[in-house]
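Some structures are shown below for you to check.
In what comes next, chain A is part of two complexes: it sits with chain B in the first one and with chain C in the second one.
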Partner chain A sequence: MPDTTGANGLREDFRVVGKANLPGLTSYAMATGVAKYGTDFTVPGMLFAKILRCPHAHARVLSIDETAALAIPGVLDVVKWDDPIFDELGANPINGGNRPKYLPQEAHYEGQEAGCIVIAESEALCEEALKALKVEWEILPFITDIQKGQDPDYPQIRGPELLAGEESEYRPGMATSDGYQLMSKHYPTDPRREGNVTWNIKVDGDPDEGWKKADFTLEYDVNIPTCISTIPNPPASVAYWGDSMYKGPGQKIYIEGAPHRRESIMAMYHKSSDEVVQEGLFQGGKYCDWGLRISQEVTPLLSKRMGGRPVRCCNTREETFDLNRNERHMHMRLGVTKDGVITAVEDNTLVDNGAPGSSTMGSVSDRDWGGYYTLKCKDITQRFKVVDSNIGYMHTCAQFVPYNWDSITVAFDLIAEKLGLDPVEVARRNLHGPSSQDDPNPVPSFEASLEIGKKLMDWQWHPAGTKRLPDGRLHGVSFRYAICPRHSFMDYFCKLEYRDGVVHFPTQGPIAGWFSTECFTMIAAEELGLNYEDISVDYDYREKHSDQAGGSDGVTGHGWIVKECANKLKRKILESAAREANRPDDAYRGVFSFPAPPSPLKGATADELDIVDGKVVVKADPSRFVPFSRATKENVTAEYGGYSPKSAWVTGFGRILDTMNTSWCEVAVDDETGEVEILKYCVVPDVGKIIRRTSLESQIDQVVFFTQGCQLLEEFIQDPETGVKLNGNFLDYRVPTTLDVPEVTKEILELRSGNGAYGASGISHNLANSHLIITAIHNATGVWVDPPATPDRVLKALGKCEIGGSK
Partner chain B sequence: MEAKKAGISLQDACAQAGARIAAMPAKQKIVTCPLCAEQFLSYEELTAHYLAEHPGCVAPVKLRMTVNGRDCSLVVEPHLTLKEVLQLHLGLTGAKQMCDRGQCGSCTVILNGRPTLSCNTLAADCDGKTVETVEGIAVNPKWQPLIDAYCRWDAMQCGYCTPGFLVAAKALLDRNPRPTEQDIKEALSGNICICGTYPRHSQAILEAVTYMVKGGAPNA
Partner chain C sequence: MRPFNHLNAASLEEASAALREPGAVAMAGGGDLLGALKDDIAREYPRLVVNLKTIPGLDGIEIRDGKLCLGALCLLGDLSRNETVRAVAPMVADAAAKCASPALRENTTLGGNLCQLPRCWYFRKLLNRFDCARKGGERCFAMTGDNRYHSVFGPAVFEGCDGKKHACIAVNQAELAPGLLALEAEVVTSARTLPIGEFFGVGLMSATVLEPGELVTEVRIPLPPAGTRMAYKRFSFRKSIDFPVVNVAVAILPGNEYRIALGGVAPIPRRAAAAEALLAGKELTPELAAKAGEAAVEGAKPTEANAYKLQLVKTLVKRELLAL
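Our next item is the complex of A and B:
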């Protein structure tokens, strides 16, 4: 639904919003190296700390003999997991409460922090001390192969303390660090735990009815491997204690490196916002990664232990090579009519639950939304077999959710193949109308995107394995659709102030890579009749407003709140200006006052005034104005909080067809070498309304970077014997470089029907996918290759190579 | 009242980079023992202290470098990398730590005229050499169109890897002032951006080249 419920939602006369090439507010600081991230902060006289990491896939510390470590000159302390100092820590509200033991005794994946923290005069000494520790580990059974781990006879890897409460309404074993627990609601009808397996089953409609309508059954597998993402800057912090003018000596925490939701540190250390100083803004690309790491939280505690001396705690890359996507195997059964319409969906998913506390966004929490719920088909069964594992910890919600977009992408290709239909036509026949699953009308956004996508691609679908390029390589194409998502379920807040002639936008940041404050500033400037440069963005860690908006998806809903706030501020400024202009003559104000000339606005009411081009003008006579900087001597503040309006085309959480996108891929496959080349990659999103064009386009590049990497290059390998990572670094785990990424052809539509500011929605999440390139390879070769489609895997799938493909 | 400009301008950022360079100690007046934090007034006192108190431990070494045009005389532990010395001893944060082992290019500096991975380079091996970091590039007006183009084209998202890209780009333009798009892709292929901003870099560098030739970069 267009933005009609707020102020100026249907605005057409954009001066600021939509502009390209406006430098980011802090871009120059980032580019020149003066922006400081967690690892960049140093304090004179600081000590260093490093946390012991488990060298086994699953193990418990039985004892630590630190004698040799402490004998090393410069090694000052070894703080063990059972040290009472950890009891001082309060719960971190953002991390979903206290961990059972802050520093665990038991590690659930190789590389997990556990056992102890060493403190020394240098980082090298910390490393030496860690090596000198005599740690007795009790090696425990582990699962890094969920196919094996699902066996009921496999030893249980989670102890009773982690399984307690599973019978209650929510499954704590599946809870995320960030409040997504609600999405993993336990259904009383779900089968009970069996060994390492929990079930999550959801049945929509009447599957029997769906199967009765089908003319044939389509059965296929979609295999999605684990992939990795890393925060570019290995998480780190430095902290010390200083004097508080009001609370006394040593009562104030100075910490840098933990900018993500500053409330965390306050809550953990039982401090008010006046007692925690954290001015640093930059946190690196923490995309949908909601948790602070121990290295970012623990330094004040260690500093206190060391008598207030600053302590810095850093990590290496290899120590922070985190999961971005859990392994998932979807065995799909579809009932389909001879016209290509899906009548029943049965998704039997085997999925990695990760280590305890991992985000359910990687396992089950996408079951209520996504591709299945865009179909006319109402009879949908999803059976999630969720296997606890020691593969790794999923801090993030991944860019790829919901995964069922990928099983639908493959479905359309298979139906097309079987019936000799263009998959675009198959999609058209299956996508329900905008207002409900019974709506037979086409979705305007989808149709507009299709039309352009087909033109950009010069779209000519062909059956699999039937076309060769002049150079002899096989040619393949693929297509997918998704909704353009937005975080309109989130509750946002904005405050704007007119102070001393300038509009201030106070925010705590942090700056994480999605240019949200820039978007908000553009919206505020637009609504206030000002230029982007006129708004003063005041970064202040004590402010409530946070940039944690949820990428482009969140910026639009959050932007709606900013738009309303700006209009509230505008109204208050005009009221104040009118009040000031219409004050009675002030000759009697004082003996030393001189009569001021009457204001050009005198006689006008607030309703008769407007702000245009940096001036407060009388609408009926724009020659009567005062500069905006002299609109009023009062300080004027406006606040606004809440949600953006509900979309008219919404049929449930995450089921919104108001703005959609299509992605298209064309590949060439060399069936002699197995090499895959992306010839063309097109994205046609209807984002509703472009707020900030340059970063919007960049986010499309980013998801294609993820998408291409995980389908062609990235392969996470663990030793099956030990469960230890074999390629936790950028040399052995290949991510795309400038020479790998395809050029992405983009045409961005603005149909203005999203429910963010001006009808905007986002693009980032649902453009990331695991199978668009894989589907194009299938169209080229006629065989399915599980990602990543490295040359050896392609040749193996073609039957031309015996080796290759590690799984 | 004059309105404040939104954000940090190119001039502000370059001035900050200049201030960081100016704040680099030309010589350490006090030398701190890295093992026990005891402080000394000279390198000779420190080495004597090592012999007496930390026998068997390898003492720090003396190091002279020219960093961003300034001569620096330092006492550093022999195992420290150039990246660590730039940050811990000289206060420069432009060379970033991402991969720890020369795979991502975030720590790139120009050492004796060649782009070099500072996380893989021992500081002790840089004695007598010249080092140029992104801060040094920022203070040179010649390169401000490049920085401006990077920012106008959002050739960054979170910005962490950006200085490394900029140094690699500057090194490319030093040896090839009129690169093609393919030249740029090849020159930057040793740098990793987790935010996937690669296409923007070519766009920014090609635009910067134009402005560097004819002048008049929008914000420089």
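Our next item is the complex of A and C:
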């Protein structure tokens, strides 16, 4: 589905879009330290705040004796959870999770903010004060092992106040215009809660019919551990109150460190736009994590309490270990024909529900657009058993969403193994075509990606455990496919202004490292006949345009809006230029009222004009032109808001297809040490159309790096006795270094079949995976290793531990 | 980080005197101490940090009296590049080159590497969340908890501050220890000279037998006889910025005298005596190397979670022997 509904969607001549190495607009600031992030802001005379964190996996504050803390010189206040000051706060409309009480009395995971906030003259004094508090905790039952947590006799970890509204969650999901139900936490027919377990059961088609068609049953497990979100910059803010010349003294909030969420601060503090000032727009990269943390929200409140003195509150690295991927155990049953075609899917998933308020993206609601719907098989049962836990908090979303692509990746490998077929061929037999699950021929995007991927990999699949490299290590390969996603469910906005001869693109950011503003600038320049550097990007926190699109998934949809906006502006500029060119001479005077020479455009209508190479020209005679900077003396503004064309990703959720990608992996496994080396990791996405190659390649590198880390090293580990996390730092929680993973081999296709700007689609979410490397390890060794495939696990799977490896 | 006093020691005597006071801790490169201070892992926060880097004359590298003498304040980066060290004790240089990260190797010292506290995640958990035996508490939490990185040779038993015997299964992961152990180095302190095999120990907030105020000043390696071959291998889950899960040093001296030292597997670095005895005087063969690997883990008592370390030791010992 190319971009046919908007302006120039089928454009062939690109001067700007797709170009590599156009400079990032804020790269210099970010690379040199000029850019300020939340943790960087300081204000003269500021105070410091730190929030008490629960040292237990689940506990309630019974009392806090702050006498000793307040006796420390420089410690000014201890604000407890039940302080009426918190009642002044309004709700945060965008926060990813519910907060029944702003600062909770009960903490649901180790490290959760609870109980009180201390305010002191220095951060060190805050730490002294926290240590001096006498906190009486009531330690409550906890679940950090969801296998044990599903026991109906296990004490219930969520009190009645948290479960009060649960019955209302049993309702149909959101119905799309295409007739699909999405994002239901519980269906009305789901079994009701038993202990700490709830259910979400979704049945598509007629599973009985599917099983009848099968020649054999394949049964296997896909286990995915918890991973954390590695936010580069811990959440932090500094805030104070100033005078408003309209509302009076002390009415204006100055806050830095909450970029992109000024509207949340406005709502929480009941302030209008002119009463909240925030100039800094840089934020550390986050992955689909749009919420603020308490340390970013509470500083104005604390400043107010301290008489308007600025207050700074920063999380530490250890305090910034929110979940990025919830633990999941998928027990799979597939009906398969002797030709390798899947006829029935049964996914029995046990999944961590996280702490209260966690996003359902980490538990159930991702499966509506998973890999199953890309199969010709329409008989699909997804039975999710959801266990409340005290493992951690999933804020909004995860890079791995949707999760269940990998049960298909593993399935293709197992079918290939059983039937002696190349898994690529198994995939081809199961993948439906572009129009529906009944469409027999895979989408061209898939075939093109396959062809290149095979060449790049020198693809030679072999049965598991049958090939050794010359150095003696076992050799394995794997393959997977996925849809290229695109966010067309969000409404976007763009404003462009022609002012004093220059096109301005005002934006509130945030500047989070995904370079979407640069992409939009390229699109605007392309459509306006200008160069990239001709457009002035004006960073202004008061502006409406926000890069909330995120990475390529959003850029391609949001870019479509920018494209339309640029064409709207272009039309208005040409209309204005024609209007001015055709004014009577006496209305168009030069210096000292001497008549100006006739405009070279005189006589032309707007339709007869174009903007080419920085000039407004008469199309029929390009020698007649005025420089773009003198196109018109009017200030011209264009706005465009709304939705981009609906993408296949959110129309059929896998049931229709346009742009796809393949990923490939080759590993060597040392079966004496359990060490896994990725020899090659190859990605061939059809992104439809490249907007900014540099950002796109970087995003691919990022998502693959993330993927490699979670399959080889990353794992969130808690003490079984206390539920306390043991590796809450980047020494013990290992993300790979550049020495641990190879450069990603990539070739990007542009078949123009996505319907974002110029036929573009995104690449990020569905390149993230949990089992491509794991599948290659299986191909090498013949055994399955649950991720992360650390040497101890590999050795255990190979039977080379005398007693056993880690759990 | 909480407030503390800081002293730039001008001499060993000044440093020793200051460190005899309760609540004083020594800092060389700070690679170990700064993390401990930031995470506030101890029962009591140090009142005084004594900077040893300001003491002159403790960073030399020279051959003296038939020994390679390495000052305690030698930077690991310098050790890794020094031509004398590379010629006399290449496995010590190799170990220094693999430690931590490039940036840390230019700050951290030989003495600090040998004296570092255990990396046990219970011991290191911030705010002294687990008040374990090594801090004066009753228990070793790793014994019943997640001990995948801990000792496969059982616990160390030591006397706690209550006068009772306590156990700890944290391992010593000092990168340079196995190499120095295999070369039978000696450690010179401000008070005595010790064979390195007697230097490591398990005590309250300590990984050595150093007394309060006692400081390492030098490490001396007897010059290996001509024809000595040696190799060092570390195995870590990550290739940089990671501590060794297992590290092995192997030396073969003329006359087929074998020395094998292991780190990361026990509360203190250990010689693989059974493997050395098995090999003594014999020409190496692949079969013998494999048997030596088996012998290197003789007497091991792994837990369910850390038995993989035995396989690593066996493989590393075998491979390093065969590589020589």
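Assume the second predicted complex is superposed on the first by the 770 of 807 C-alpha atoms of A that agree within 3 Å, B and C clash if a C-alpha of one lies under 4 Å from a C-alpha of the other, contacts with A are read in each partner's own complex, and residues count from 1 in each chain.
Criterion: a residue touches a chain if its C-beta (ideal position, glycine included) is under 8 Å from a C-beta of that chain, and two chains touch if they have at least 3 such contacts.
Predicted model only: the values in this text are computed from it and were never measured.
In the superposed model, A:D610 lies in contact with neither chain B nor chain C. Look at A:A124: by the touch rule set out above, it reaches both chain B and chain C. In the superposition on chain A, contact of A:Y37 is made with chain B only, not with chain C. By the touch criterion defined above, A:K796 reaches chain C but does not reach chain B. When the shared chain is aligned, chain B and chain C each come close enough to touch A:L731. Contacts of A:S695 after superposition: chain B is touched, whereas chain C is not reached.
Once chain A of one complex is fitted onto chain A of the other, the partner contacts of A:D83 are absent, as it touches neither chain B nor chain C. Of the two partner chains placed by the overlay, neither chain B nor chain C lies in contact with A:E194. In the superposition on chain A, A:G285 makes contact with chain B only, while chain C stays out of contact range.
Chain A has more of its residues touched by B than by the other of chain B and chain C. The residues of chain A shared by its contacts with chain B and with chain C are 124, 318, 729, 731, 736-737, 739. Contact residues of chain A toward chain C in the complex are 55, 124, 127-128, 131, 318, 672-675, 713, 717, 719-721, 724, 726-729, 731-732, 734, 736-737, 739-740, 790-792, 795-796, 800-807. The touching residues of chain A, when paired with chain B in their complex, are 21-37, 39-40, 42, 45, 73-74, 121-122, 124-125, 229-234, 282-287, 316-318, 500-502, 511-515, 521, 532-537, 629-630, 694-695, 698-699, 701-706, 729-731, 735-739, 741, 743-744. For chain C in complex with chain A, the touching residues are 1-3, 35, 39-40, 121-122, 124-127, 129-130, 141, 144-146, 148, 235, 237-243, 245, 302-308, 310-312, 315-316. Residue ranges on chain B touching chain A, taken from their complex, read 1-10, 12-14, 16-17, 20, 34-37, 53-54, 57, 77, 79, 87-88, 91-101, 103-104, 106, 133-135, 138, 147-148, 150-154, 156-163, 166, 184-186, 188-202, 219.
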